[in-house]
Each structure stands twice: as structure tokens, then as C-alpha cells.
Amino acid sequence: MAERYNFGAGAGGVNVETTVLGADEIILNMGPQHPSTHGVLRVKLRLDGEKVVGSECVIGYLHRGVEKIAEHRSYQQFAPYVDRMDYVAAVSNGLGYCETVEKLLGAEAPPRARVIRTILTELQRIASHLFWLGTHALDIGALTPLFYCLREREEILKIFEKYCGARLTTHAFRIGGLQYEAYDELEKDTERFCKDFDRRVDEYESLLTENRIWVGRTKGIGVLTADAAIAMGVTGPVLRASGVQWDIRKSMPYAAYDQYEFSIPTGKNGDTYDRYLVRLEEMRQSRKICLQAIENIPAGPILGKVGKVLKPPPGEVYHSIEAPKGELGYYIVSDGTTQPYRVRIRPPSLINLEALDQMIRGHLVADVVAVIGTLDIVLGEVDR
Amino acid sequence: MLDQVVFYFFAALAIVSAILVVTRRNAVQSAIFLVTALLATAGIFLNLNAEFLFIVQVILYAGGIMVLFIFVIMLVNLDVALHQVQFNRQWFVALIISAVLAAQVAAAIAVSRRTLYTMPAAPAESLQPNTERVAFYLFHTYVLPFEIASILLLVAMVGAVVMAKKRV
Amino acid sequence: MVPIGHYIFLSVALLAIGIVGVVTRRNVIIILMSIELILNAVNINLVAFSRLVGSVEGQIFAIFIITDAAAEAAVGLGIIIAFFRNRETVLADEMDILKW
Amino acid sequence: MPYVLPVLFALVIVALLPLVAGYIVLVERKVMADMQVRLGPMRVGPHGLLQPIADAVKLLLKEDIIPESADRLVFWGAPLISVTTAMVALAALPIGPFFQIAELNIGLLFILGVSSLGIFGIVLGGWASNSHYSLLGALRSAAQLVSYETSAGMAIVGALLLAGTLSTRGIVQAQAQTEVWFIFAAPVGFFIYLVASIAETNRAPFDMPEAESELVAGYMTEYSGFRWALYFLAEYTNMIVVASIATTLFLGGWLRPFASTSYLDFLDWLPPLLMAGVAGYCFWRAPKQPVAVQKMFMAAVGLLCIVLALVLIMPMAAPRDSFLASSKAGIHGAFWFLFKVGAYIYVFMWLRFTFPRYRFDQLMRLGWQFLVPLSIVNVMGIGVGLALHRQLNWPAAPALILGIVLTLVAGAYLLATGEKHEHPRVGEEEEEETPVNA
Amino acid sequence: MTNDSEEKQPPRPAEAEKPAGTPAPSASPSASGGTPSGETPGKPAAPSAPVAAAKPPAAITPPKPAAPAAPAKPPGPPPPPKEAPPKPAPLDNDLVKRYKARFGGAVVEALLDRKQAILVIAADRLLEIARYSRDEEHFDLLVDLTAVDWPKREKRFDLVLNLYSFSKNERVRLKALVAENEPVPSVESVWPTANWLEREVYDMFGIVFEGHSNLKRLLLPEEWQGHPLRKDYDILQQDEAWVRENLGIESGQ
């Protein structure tokens, strides 16, 4: 039993500097200003020719000390900060934080708020996956999907903008419910978007899924077996592509997910191609959730009774949601004052990124780019 | 007239580049000047109505062999080598050899001066159409050497692959 | 046509330069390049005489010489790479063992 | 003075080429924008028509940065090599029956040889920059060029067998005589050349050397300003060169479709009508431009098209035997040649926007394990066809078709066996998949 | 240990340890979430029984709020939440019993806070307990590893491990009290993912992990002085010497 967890001492990245270089080995530095490291990731690659024999990620260039800031803000004040972590999926971040604090308080968001939260979060998931697909394809050299993806993402951002006035860092929710009442056409806009969206996903598929080059570039690249994936703690689509059918929306439902029908796509081989397929299918499922959700948005208040000053009783709580990138968890310790005593954020990007080393070993430099893309990391979240 | 200008231009170019080839410290620069020398030679070939040879020289020598050279120079990282002494102290030997050579040629030319300078060149048309003629000789009269040459190339190819393989 | 003697001079000059390179340089790659120069000098002679006598056979020989140069370069450079891998040097006078 | 005309042509080409390359870039951006549901450049001039000029001015005015540890001389000269070789290669191309700088009896070899020297510009530029990315890009580029030149050369040999001459003009004339463009006689050869020429010009999906997501900009990483523009110019000139070779060899050069079928002569009206159509569109759009300058510019473009249409129509309207009528072949030939080159380049662009990028080892495998064998088989197939036709007096069509079928069978075989050789993870066995359990 | 799942959705049968829709992770055959073993949902159930999952335990030893209302699907109006403020309470269910039986005194305390199970354990036996958790209790996934600083306490740090079990669909939190310069065994050999997480904790709190393969700072520069998430590290404080030296900012700010 133990062997299957044994990935050698350096599973999380070798220290490339201190290991002795073989005769033909060189060290190549990728980033932090490299165009395809998605921000300020820096990867030190140890290469044998073009083959990667080891790697080490250097992160922290975007470190802002979010967790420290949290300790000096009141619960409400801190809420907008979380949007700045995974800025591609700000709504999801906000949902996780609000629900965690609610749990800490023992409060509950009213049903209407929960349904609207679900709709917006699922739209955000689609937007995040779209952005991932576009940039991932661009990394592999396909220029056109990016623009198609951004076109659809724009529709979603417009919905956000109509709802809360912001497109990117939305701060859409409030502890105990919603910040704003839904605008009149929310259902209609969502429906219009969703109606068309299936066809759009088919369009992306027609560009990529059967394309020989695309398949050649992604199949068998960056394989992560199910055991390895669990051992490395990866979550979200990356884990599901390895064949583990686990989705927090199903296993520990939050918001209003227990009311909707949807399935959890999984892959078989855990390679880049499977991750691609899984995310595409997730977009379809998210669309399905949205369509179900707008059918019946319950009437009622949008804000539960939480009071103006939040003073959670001492204690602690861990709560996590299925963010587009994986399990986004908040661990909040309260000492009974208005400010959290400790906020720990479990960033899915960081922990998924840790598996990078294992996934790229033995591949070529070009595959590193593909694998970084397939992990769908956002450096704002990795570094916090 | 034009002929002569072209010849002297290319001849001078060839000699200057050749000198630079053996005197530059940096192997890449040597290679660049070797390419120049080879191209100058190609120009002389063209001037001699050897069009096919001209193009062979350009494609094969300059475009093929020299690329190989530059590749190898870049593969064997020469940063280290640059700081080492580039010349051994055999100037003396080189000088003697050159002197002997020069003397020999001078003697030979002196002896046959008359014929060398007065012998009329064959009409340029005798080499035309150049490609067809070369092909005729290559695949007719010299077909055996041609095949041998191809085998030589094959052997060289195999040898090069074996040599350059990872571990001998 | 330029008098044939000038071609011979050019050819001898290149030959001499090539020899100087072979004899004085330490870098094997440059030695190989000097050899290419020598071969090239020969080619000039062959082609010049071919033009002089009005037969393309000289050019045929030049083609064979170029073939030979290609073969020589391929094998020579292969050896250099193999040697560099094992000894980290391309200097001729450091290639002083008969095996590695 | 026999030199006047060629020198004049050469001057025209050298002067116009940067402009043409600039406008190819514009067209490329426009086509890309169209395929990607956006507008592309719209700001400078109507529909961005002045964008290339603005870009050129910007590039010329930019600071010319030479990295401190670069080899200055080589760094300075490398782009020049690239541009020079690309331009020299244009010399032997016949743009229409009368417009050609130099008619060489080894024309095609000359083009191949000279353009193969362009590799030095790339390798030396990459080396002189003294940067890992540049060097890696340069080496990749060189390896790629050498590999694909092999298959491109073999593909060309196939067509040469059909033409029986190396002279570019002779090749087109051979196609006029047989009344068949060689693309139909050797379709596989054309396909090989298409793929190989994309790879040779380092364009997507083979743009390995400048795979921006991996190697930044390959050998051009450290270049800026004017020198960078030179590389770009060389790249686009090379595109024109390979497109011209393909046009000459496979697409019938300056020949009109069905050139020798006289009852289809009305096709001669196509070019002027086309130009007139473009002019009409320009005039229609001109009043809708927002700014007066743009209106005028648009109208000017329309006028230019009208002039071109008139030029094209003149020889046809002129009385027979007049000088104008005799210039028809030249003018229309040039039109058709350029039209075909444009179509070929359009295919380049189309592929670029559609496909992801190959990985380097995949690209090498495609080159050496598929294209090279296929191109050799192709030469043999055409040889068999020709032998059957010429020695055994078979009719031409079945003989050549037999050759093509042979080649296709070989290609299918290569494709089938090639699949098995793909190892995603180099030199490492995949781990066995075990079911997850908890 | 409770599953988070239930709490948030009052309407759902809270107790069902396996939340309504939960498919067990497909890959894991043993998923049967409902099995009695330890999982007893956090709820009260503490006492003896591996409570039948779906049944709301009647006797609530710990004052848990919630008897969940009827398992009504639609999120109707939330059942009147018991407003008893949530607070930690001792926990004693099967899981805890197994741990106690196995490790005796090393399991210092078992708590239930907001329906989430917390095991306070002795730091020096962390590795052993971790391995047991993974191999015997099937907590395959190390969700998170972090720390909390309580400067006034004798052992100032809480080292917190959040674990998740796919087969049981439940979470548990291991908490170890660690003194300032006390080394802690690294759990990297149990969950490779701990590599970076421990590096981050080392970076932010200065807790040293013994047996870690590459213990250096993760987010901050290697030469940085101080550990920012400690409570005595002011929010405006930074390593001014480092800033001056590496960023060339004279004031250090």
C-alpha cells in the first residue's frame, strides 16, 4: 500500500540548483516574464537536450499577504479582497468566503440568494473555463479559439456587469446573502446565453477535438494517474480527468446545487487531452445547471439575518467549494471579535501547480507549456 | 573585360576570407569567412561557365556542409575554448611548407610560362549546355565512380551517426 | 578568359593558407575547415582547366571532390562531437589518447 | 544594352518588395481578424489600409538595440544575409512571360540554392544574440529548414521529371504544351511541397523557431527596430518565393486556366472585371468613411483599381497586331501569376489560423518519417508513369494515374505505420494504471 | 466527523452523512458512504452508536443546534435555526474511539466545532497518526496543511491538517500543538502534496519540519528575515534590509 504513494523524495520539485548536472544537462529559466507562464510563474527547468529531467517552480512574485490582511479587516471588509486572488473566477472566490463566514456564524443565506449565487457561480465557471481554453489553445499554437472563447466570455461578463456593475472583481455576494437584488432580465440574459452556448462549445470542439495536431500535442502529455493525483492533492478538473469522480458540488453540496441535475465528467488517462475534454463537458454541465436554476428562482429576501456587526462566536470552521480550478477552501478561526483571528485560504491553483514537476518529467520543453496551460493556474491565487 | 574584373574581385575576396578563416580566434567567425571564401569560389566557377558546379557549390558546400559546421560549433560550446591558446607554435613548419610550395609553383610556372599564358581557351560554347553535359558524363562515362561516391556517402552517413550517438 | 596562370596562383594561395591553418591551429574544427579550403583550391584548378580545354570532365572531378568533402565533414564532425562529449575539448593537441 | 531591362526590373522588385510584404501582413491580419470574428486594424487609414506604412515608419524610428554581450558584427550582418538571399532568389522567377530579371538555364536550382543560404541569417542571428532562447530557436530553425528542404527538393524533382528542364520559363512552357498543370499530373508532389514550404518558411503550424509560447521569438528574440523588420521582410519574401516556385512548378505559372482552349477565351475578361469590382466596392465604401482623408484615400484606391482594370483591358480592346495587343500576354500573365501566388499565400494564412502548433519532435518525425519517404516514392511513381508513357507508349493519363495511385498507397502505408511510433513521454514507460480506491 | 455537507443545507436530511447527491468517488469501490463506521455524522451521535445515517439522532449530547427539519428538497424557508451560538464541544464517536484506542494519550482531545470533527494530537506522533489516517482510515487527500499562531500560549502554534476521505466522504481535522522552536515531523512521506504546504508554513510561521526534502521558503525570498503570519509580526512590518538591498529602495518601505 505504501508504495503507491511513494514518488520519491522530491515529488514536489527538485532543488535544481543543488543537484549535480549530468554531462549534457543545462538549466533553462522560464519566466517570470515568459509569455506562456500565465503571469509571473518562474520555472527552472533542468534539461537534457530538450527533455525535462527536473524542475522547480519559483513562486511568490505576486504575494500580497492576503491572509495577513484578513487578520486586520473586519469580516465584511475582507470580502472584496478574495476577488483579487483568482481574478478569473472572482465570483467563486466570493461565494466560498461568504459561505464560510456564514457557517462560522451559524447563519444561512435565504433560498433566493442561494439560487442566484448558484447561477452566477456557474456562469463564472463557464467564463473561467472559456478563458482557460482560449489561452491553453494559444499556448499550443492555435490562435483562433481564443477569440471565440473571449466572445462568449464577454457575454457572461456583461451579465455580471448588469448585476453588480463590475466585470472582473465583482464582489457580488455579501455575507448572509446577496449584495444586490437580481436585475430584471437576469433570467432572460442567462437563458439567451445558455441557449446558444451548446452550439458554441461544439464549435470549439470542431476546431480542436479531432484535430490531429491537437491530439498529438495533448494525448499522453502530462499524465497524472488517479493515485498520483490524490497523493499530490490536486482537485477539480485535473483530478477528475484522472478518473476520480469527485466534485464537491455533489459530495457536499453547498449553495443550491443539491436541487439540480448534472453529471460529473471524468477522464480515463489523466492526460492533457482528457483534462481538455473534462473541462469542455463541465461547461456543458454548468450550462445545464444554469438553465435549471433560472426556471425557478424562489421569491423572498436576498439577505439573511446576520446583523450589521459580525461577531462570530469563538471557534473555527473549514468550508470549501468547487471553484473552477479545484477545491477552494477557507479555514477561518474566530476569537469572538469582529476581525477574523486567522484566515487560511486553500488555493487550488497552488496545490495543482505542485504536481507540475511530476507531470512534465520526461517531456519536452514544448510540453511544459502545454502542461502549465492544462493545470489552469492563476498566479494571483497561487501567490495570494 | 567584365570577366577579368569579376575574376579578380572574387579571387581577392577568396584569399582575404581564407586568411581570415585561419586567423580568427572565434570559430563561428572563421566559419562565416569560410562561407564567404566558398561563395567567392562559386562566383569564379560561374565566371568559368560552370553553372552546374556553381549551384552545387552553393547548395552543397555553402548551404549544406557549412551549416553542419556551424551546427557543430554551436553544439560544442566554445565559450571555454575561446580563452585557450588558439595557435600552437608551429609557425615555423607552416612557413617552410608554404615556402617550398611557392618555390615549386614558381619553378613550374617559370618552366611552362609560354604555354600557360598563350594557350587559347576553348570556346565557351564547348561547355554548353552545361547541366546536360555534366549529367551525360556523370551518368555515362563516370557512372562507376558515381556509384562509388554514393556508397562513400552512405558509409560516411552511417559513420557520422554512429560517432555522434550518445554513448560510443 | 583570364590567363590560366592566375587561376593556378589563386589555387596555390588558397592551398598554402589551408596548410598554414592545418599546421598552426589547435582547434580541430578550424583544422577541418582549413582542409575544406585546400579541397576548394583543388576544385578551382580543375574547373579552370576544364574551361581551358573545353571539356566538362574536370567539373565531374570537382563534383566528386565536393562529395568527398561532404563525407569527410560528416565523419569528422561526428568524431569531434563524440570526442567533445567525453573529453570536453576540441583542441587537437589534447586528443592524445587512443581510446576513451 | 542588354542589362537595362533586368536592372530596371530588379530595382522595381527591390523597391516594391517591402511595400508588398507590408501589405501581405495587413492582409494576413485582416484575414485573421475575419476568421476570428473581429475587425483587425481599422485605425490607420480606411480599413487600416495605411497600417503597413505606419508600422514601417515606427520600426524605422525605433531604437536599434544591440545586446551588450552580442557579437556585434555578426549581429549586425545576420538580418542582411536573410533579406539578401530571399531577394536574390526572386531574380530567376518569371512573373509573366516577359517580366523576369534573369533567365538561367538552371533557374530552379538557383532559386533553391540561394534561398537555402538564408539559413545562415537565422543561425548566425541566433548565435550572435548570445541568448539561450535565440540560440535554441536558431538551431531548431536550422534543423527544420534542412529537414524540409530535403522533401521539398524531392517534390520538385517530381515536377522536373515532367517538365524536363530546370529553366523556370521552360517549366511553364512545358505546362502550356501538355495543357495540364503539373498539380494534376503530380498532386502528391504538390501536397508535399505545400507542407514542406510552410515548414521552410517557419510558419504555423510549423513555426517552431518562433513558437512564442515556448521560445519567445526564437532567433529574433533579441532583435528590435529596423533589424527586426529586416527579418520580417525576409520571412515574407521567402513566402513569396516559395509561393512563386509552387506557382511556376505546379500551378501553371502565368498561364490562364485553360490557356489553350480558345473557346474559353472569354476568361480573359475575368481579370479586368475583378479589378473593376474591387474599384466599385471602394467607391461604394468611400463616402462612408468617417474622415475626409480616409474618404479620399479610399477613392484613390478605387481609382488605382480602375487604372489597373484599364491596363488589363487595353490589350484586349486594342486592334490586333498593334503593340498593345501583343503586350496582352505579358500583362495578363503577370496578373495570373500574382493571383496564384496570392491564393497560395492565402492558404498559408488559412492554415496558420486553424491549426495548433506541432511539437518539435513531431515535426521532425513528420518530415523525416513521412514526407521524405513519400516524396521519394512520389518521384518513383512519376518516373514509372513517364516510363510507361514514353517507353511503352501508354497514353499519358492512365500511366500518370497509376504512378499517383502507387504513391498514395505508399503514403497510406506510411501513415498507418507512423502512428505506432509516437511515444508521448520520451524514454520512459508509462505507469500502469491502477484503479483508485480509497 | 461531520460532513460539511449537511450543515449548509438545512433542508436536507442533515444527518445523512452522505449528502444527497453524493456519488461516492467513482473510482473507489468501497465508497459506501453510509457505512456506520466512524463517520457518524458529526452530529451528536457521539455516543455509542454508529448512528444510522439518516436518522436524526434524538439524544443530542452536545448541544448541537440543529435538528434538521424535514428533508424537504426545495430550499424552502430555512428551518428556524437554533440560535444557540455554535461553539466547540467534546466529541466522542467511533472514529475518535478508534484513534484513541490506537494512540492512547497521543490523541489529546476530540472536539466538534460547527459539526466539524477536530482531533488534537501530540505533535511528536504526527507522522504515525498521519500514516494511520491515510492507510487505515482512508483519509487519502491532504486537503490543506496550515498553522495558527497563539502567541500567549505555552505552545504557541496550532498545526492544522485538513483531511478528506473519498470513500467515506468525510473530513477530519488534525491539530497539533507546537512550541516555538520545536521541530515537527514532516508528513511529506505520507502525502507528497505536503511538500509545498509545509514550505509555506515554514515560510509564514517558522515552524521547522523534520525530514522535509527541501525545506525553504515558498513565497517570500529565501533571504527574508521574519515570519509574517506570526501575530507579533506587524502588518506594516517588512524586512527593510532586504528591500533596500534587493529592490534599491532607500527607505526600505
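Labels for the chains are A, B, C, D and E, by order of writing; each one numbers its residues from 1.
Following the convention adopted for this analysis, a residue touches a chain if its C-beta (ideal position, glycine included) is under 8 Å from a C-beta of that chain, and two chains touch if they have at least 3 such contacts.
Note that this is a predicted model, so its numbers are computed, not measured.
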{"item": "Mutual neighbours - chains that touch subunit A and subunit B alike", "value": "D"}
{"item": "Contact-richer chain pair [B-D vs A-D]", "value": "A-D"}
{"item": "Whole-Å separation of chain centres (CA-atom averages), subunit A against subunit D", "value": "43"}
{"item": "Approximate Å spacing (C-alpha centroids) for the pair subunit C, subunit E", "value": "75"}
{"item": "Distance between the centres, which are taken as Cα means, of subunit C and subunit B, whole angstrom", "value": "6"}
{"item": "Residue list for subunit A, restricted to those that touch at least two other chains", "value": "226, 230, 243-244"}
{"item": "Shared interface positions of subunit E, touching two or more other chains", "value": "25, 27, 140, 166"}
{"item": "Multi-chain contact sites of subunit D, meaning residues that touch two or more partners", "value": "435-436"}
{"item": "Subunit D to subunit A touching residues, read off their complex", "value": "32, 35-38, 132, 204-205, 207, 211-214, 216, 352-362, 422, 424-428, 430-431, 433-436"}
{"item": "In the complex with subunit D, residue positions of subunit B that touch it", "value": "26, 28-29, 32, 35, 51-52, 55, 58-59, 62-64, 66-67, 70-71, 74, 129-131"}
{"item": "Contact set on subunit A toward subunit D in their complex", "value": "4, 26, 28, 34-36, 50-51, 137-144, 146-148, 151, 207-208, 211, 213-214, 216-217, 219-221, 223, 225-228, 230, 242-244, 269, 271, 361-369"}
{"item": "Of all residues in subunit C, those that touch subunit B in their complex", "value": "1-10, 12-21, 23-27, 29-30, 32-34, 36-37, 40, 43-44, 47-48, 50-57, 59-60, 62-64, 66-75, 77-82, 84-86, 88-93, 100"}
{"item": "Of all residues in subunit D, those that touch subunit B in their complex", "value": "71, 73-74, 104-106, 109-110, 112-114, 116-117, 119-120, 123-124, 127, 135, 138-139, 142, 146, 166"}
